[in-house]
Amino acid sequence: MPLRLHSLASPARFDRFARRILPWTWVLAALLIPCGLLWGLAFSPADYQQGDTVRVMYVHVPSAWMAMACYALVALLSASFLVWKHQLAGIAALAAAPVGACFTATALVTGSLWGLPTWGTWWVWDARLTSVLVLFFLYLGYIALAGSFDDRSRGLRAASILAVVGVVNLPVIKFSVDWWNTLHQPASVLRLDGPAIHASMLWPLAITAAGFAAFFAALLVVRIRSELLAWRIEALMRRRSAGAA
Amino acid sequence: MAGDGERPHLLEAANLACERGGRLLFEGLSFSLPPGAAAVVTGENGSGKSSLLRIVAGLLPATEGRVAWRGEDCRREPGRWRREMVFLGHLDAVKPALSVRENLAFWGARDEKLLEEMGLAALAGLPAAMLSAGQRRRLALARVAARPGGCWLLDEPAAHLDETSSGRLERMIGHHLAQGGIAVVAAHTARGLGDALPIRLGPGT
Amino acid sequence: MAEFLDMGGDAATVWPAYGVTIAVLTGLLVASLRTYARRRRDLERLERTGRDNR
Amino acid sequence: MTGIGALVARDLALAVRRRGEAGLTLAFFVMAAAIFPFGVGPDPLLLGSIAAGVVWVTALLASTISLDHLFRGDLEDGSLEILVLDHRPLEGVVAAKCLAHWLATGLPVVALAPLMALLLNFDMDAWWVLVLSLAIGTPALSLAGSVGASLVLGARRGGALTGLVVLPLCLPVMVFGVGAVEAALAGRPVLPHILIEAAILVAGAPLALKASAAALRIAVE
Amino acid sequence: MTGIGALVARDLALAVRRRGEAGLTLAFFVMAAAIFPFGVGPDPLLLGSIAAGVVWVTALLASTISLDHLFRGDLEDGSLEILVLDHRPLEGVVAAKCLAHWLATGLPVVALAPLMALLLNFDMDAWWVLVLSLAIGTPALSLAGSVGASLVLGARRGGALTGLVVLPLCLPVMVFGVGAVEAALAGRPVLPHILIEAAILVAGAPLALKASAAALRIAVE
Amino acid sequence: MAGDGERPHLLEAANLACERGGRLLFEGLSFSLPPGAAAVVTGENGSGKSSLLRIVAGLLPATEGRVAWRGEDCRREPGRWRREMVFLGHLDAVKPALSVRENLAFWGARDEKLLEEMGLAALAGLPAAMLSAGQRRRLALARVAARPGGCWLLDEPAAHLDETSSGRLERMIGHHLAQGGIAVVAAHTARGLGDALPIRLGPGT
């Protein structure tokens, strides 16, 4: 389906929805992130083994979660775009991907920084680390593919297919710590039998994570709007230049 | 759309519109063809002849409107729809590494008579890489000729052909129409398709 | 305060980690908002100049 | 479904004409195998311990090399349009292409694996596991490759983009393929790895075919 | 010879024009290198010992993956005829193509080699040898590749020979390239290897250009 | 071969023969063209029109005979010979990834007037992949138009062109001839090249 101009011209329902939730998400993000980070930096206890380096956790772990959740979302949106031809879903996925890539990057960098004191090196080719790197490339591939078609809507459809197929990597990342003997920590929060870390660490972690999620939601709305504008601008320009003929 | 008297129309295109590269090529285009009828699409370069053929073939989604074959929307029943649909674009779909005969076999056409009808009998064993432009076009036409009776969509079928072969093409289309097939042909002149339904597309670029 | 800044000797790990995260996220935020604003301006300009010829 | 057999036969016939591809794969494979022992040095133990990984990685890279061919010729000579319009499902066409690609790139690797293993001083008791894991894994690589190749087809350019798109998709298969060999070397049970690998192939194949077919439809627009 | 500069500029423009291509190629390399640890395991010592091989194989992969593009596009869209008829020598055209190919595939490897070496735990005292050997070797890979790529064009039926042509051309370069690195790691003198590598490049370049040009002339007949 | 009265002949082909795929396409073919003259090569498909043009261009070695440009054998002095020789085959030599304007620049033609003359001005920024068949042919012709005055070898230049663009082609060739250039054009009809030297090739296949 080529993207009809009018179907984009007034994604009115999205706009109404966005208008309603946007203030809330900004407020939530602005409250939760500083709160969680400060808590993590200043008021949570140092680890008896790792000392103060454990504070990296409060940025590392939420980033890592967001990196994976974001990919899951991109894949989900892409799938619904492909199946139900819901244009907005495809555009939303396109808008979300760079955010996910950024979270992946921060997870990688903070993890590396954390690795130096704990493992004695900032990079090992351990399965967890490498698979997150692969996730980063998957994001890059998705973004690059979407951008390398002359026709935006064809690029979006091709990239959506990639996003859906790329889901195979999520289990590899999630379970890499179980399948291999890795240096990396196995899951201690997101486990079937409940979290296994102390509440004094769980709280700031949960608050930062919630803050990141709120931030993501707010940013996503802005980026979707921006993306919609880009499509309209391009369509207009195309028509102008074609009309001038 | 209703039939033409008693004969039901095989191909019906209703209210087609096509926008490409930001330019509206055509809109509100409707036509329908009963068995044995042909349409000839003319228009300047860039007016959308090829685009129209690709829409009818189902290669390109129409911006608006629908196409029905034997009363069924082509998007719904791709299997049945496509079995009778034969498309020939600007490209010949010829495999240079295969011989002429093998090329036809590749598309499921094993009848030696086809080679003769298209004047390819003498070239049958030659690798297609060695064909001249017109000979290659004839090979592409032979693939089409192998499946008469359905819906032929031919984009400038006479490109590169000489007089003799243009005559072969006319005979081939005539034979097909006589068997109750229909044909939509894009061309720069309506020559040789005198009684075909003319479809004239808007200005080109 | 100095003690807090020192992070138990792990300042070189903790502060860059927080710094990078905050920098990347604010960078993304700023970039997104600016692109959005730019596109709004572009569209307005486009819609003001020239009618739509179709 | 009667036509699918004809489809496969046809693509195979065409593939046989293009032995060049198999030559290139083999050349790459041999070169890679010749290069690795250098770095590792002559230490047979060390060499043996990485042999499986090297063979697998090389197989993966070798299969990526000829991916750009897979559909581009068909796109450029106009055959792809006809194939997309065929009344038989496009997935069948893709499957036939994958089979042809596997015959040109996967099969030689499987066939050569024992020799490579021998050269790299691989523990020969486990060689059949290596061959088995490759035999199951390389078709999956071809399938994943076809997804990447068809996706970049309509794009302005392939090359690095193809690789970037394909390699992440291939990773899971390789992980379990290597896992099986390592389990065999360590005396642990091999079956679970092989089963997972096979499961990925079986479950992934329809997905990959569907995805490729959809991507091809986009490419001919 | 005044026109050759323009020729090179044009081909470079065509190669560089594809925005983001360089970034894409870099990502592709790291991705390709990231495959190895999944195969051979995370042991830093082991990885360090195969690092040179990994980097060299990746370079080979990058150079071969886009080889088929080198002239085929030009042949099929008819540009090759025009290029052959250019008043400037065809060797210049080939050189320009090789340069563009190298800039797109070789240069990124050379640039990235130090980082890869670091990531793969390579002995950092020898990193400059790795870079040097790649800097001399990758152009040779591009040249050898162009011979192979142009030969297939002429061979009517797909040519089973490409791989076999490219193999003996590339192998010596790679052997001496990796050899130099090995020598550096073992504390032996590096210069002989580098000199031989350079000699292959210098002696081979005109030969490769002539051969490619001749093959291209046959291809357009 | 001597000149035509006082005007020295620019292009002289003497006793050309061509054998391809075991078939002798033509032999003993001689012709020569003074400045401002054109030749039109006609013949059936496979009669050797393209082969003749490729021989004159120097792409294909003749089985026998020689071609001289300004009195010099083309094989001896490839540099000088080729600088003035412009070849357009069945293929368009268009790079799909480049825009129309960039395509022309790729072949060293930077003049914006060319775009206008070929009716490509409105398409200048479009990637060539989006052109229709006739538009692409026009782009190929614009490349040729950029180098008037020498020897043009055009193989079915009017393929895929509509009426308007055929007119453009005629004007373009006329302008070239008026500047003292010469043209050898392969075509299926001599239309629009009325006073050109006719070269009719033997039977085709």
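For reference, chains read A, B, C, D, E and F in written order, and residue numbers begin at 1 within each chain.
In the analysis below, contacts are C-beta pairs under 8 Å (C-beta built on N, C-alpha and C of every residue); 3 or more make two chains touch, one makes a residue touch a chain.
In this text the structure is predicted, and so the values were computed from the model without any measurement.
Same-residue interface: chain B and chain F share over half of the residue numbers found at their contact.
Inter-chain contacts peak for the pair D-E. Inter-chain centre distance (chain A to chain F, centres taken as mean C-alpha positions): 57 Å. Averaged C-alpha coordinates give centres for chain B and chain F that are 30 Å from one another. One finds 39 Å separating the Cα centroids of chain C and chain E.
In chain E, the residues that touch at least two other chains are 18, 24, 27, 31, 36, 38, 41, 76, 157-158.
Contacts with at least two other chains are made by residues 54 of chain C. Counting partners per residue, chain F has 90, 97, 122-123, 127, 130 as the residues that reach two or more other chains.
Of all the residues in chain A, the ones that touch chain C in their complex are 37, 41-42, 46, 51-53, 55-56, 59-60, 63, 98-99, 102, 105-106, 109-110, 113-114, 116-117, 215, 219, 222-223, 225-226, 229-230, 232-233, 236-237, 239-240, 243-244. On chain C, the positions that touch chain A within their shared complex are 4, 7-10, 13-14, 16-18, 20-22, 24-25, 28-29, 32-33, 35-36, 39-40, 42-43, 46-47, 50, 52-54. The touching residues of chain E, when paired with chain F in their complex, are 6, 10, 13-14, 17-18, 73, 76-79, 81-82, 84-87, 220-221. Across the complex, chain A meets chain F through its residues 150, 241-242, 244-245.
Residue ranges of chain A in contact with chain B, taken from their complex: 1-2, 4, 235, 237-243, 245.
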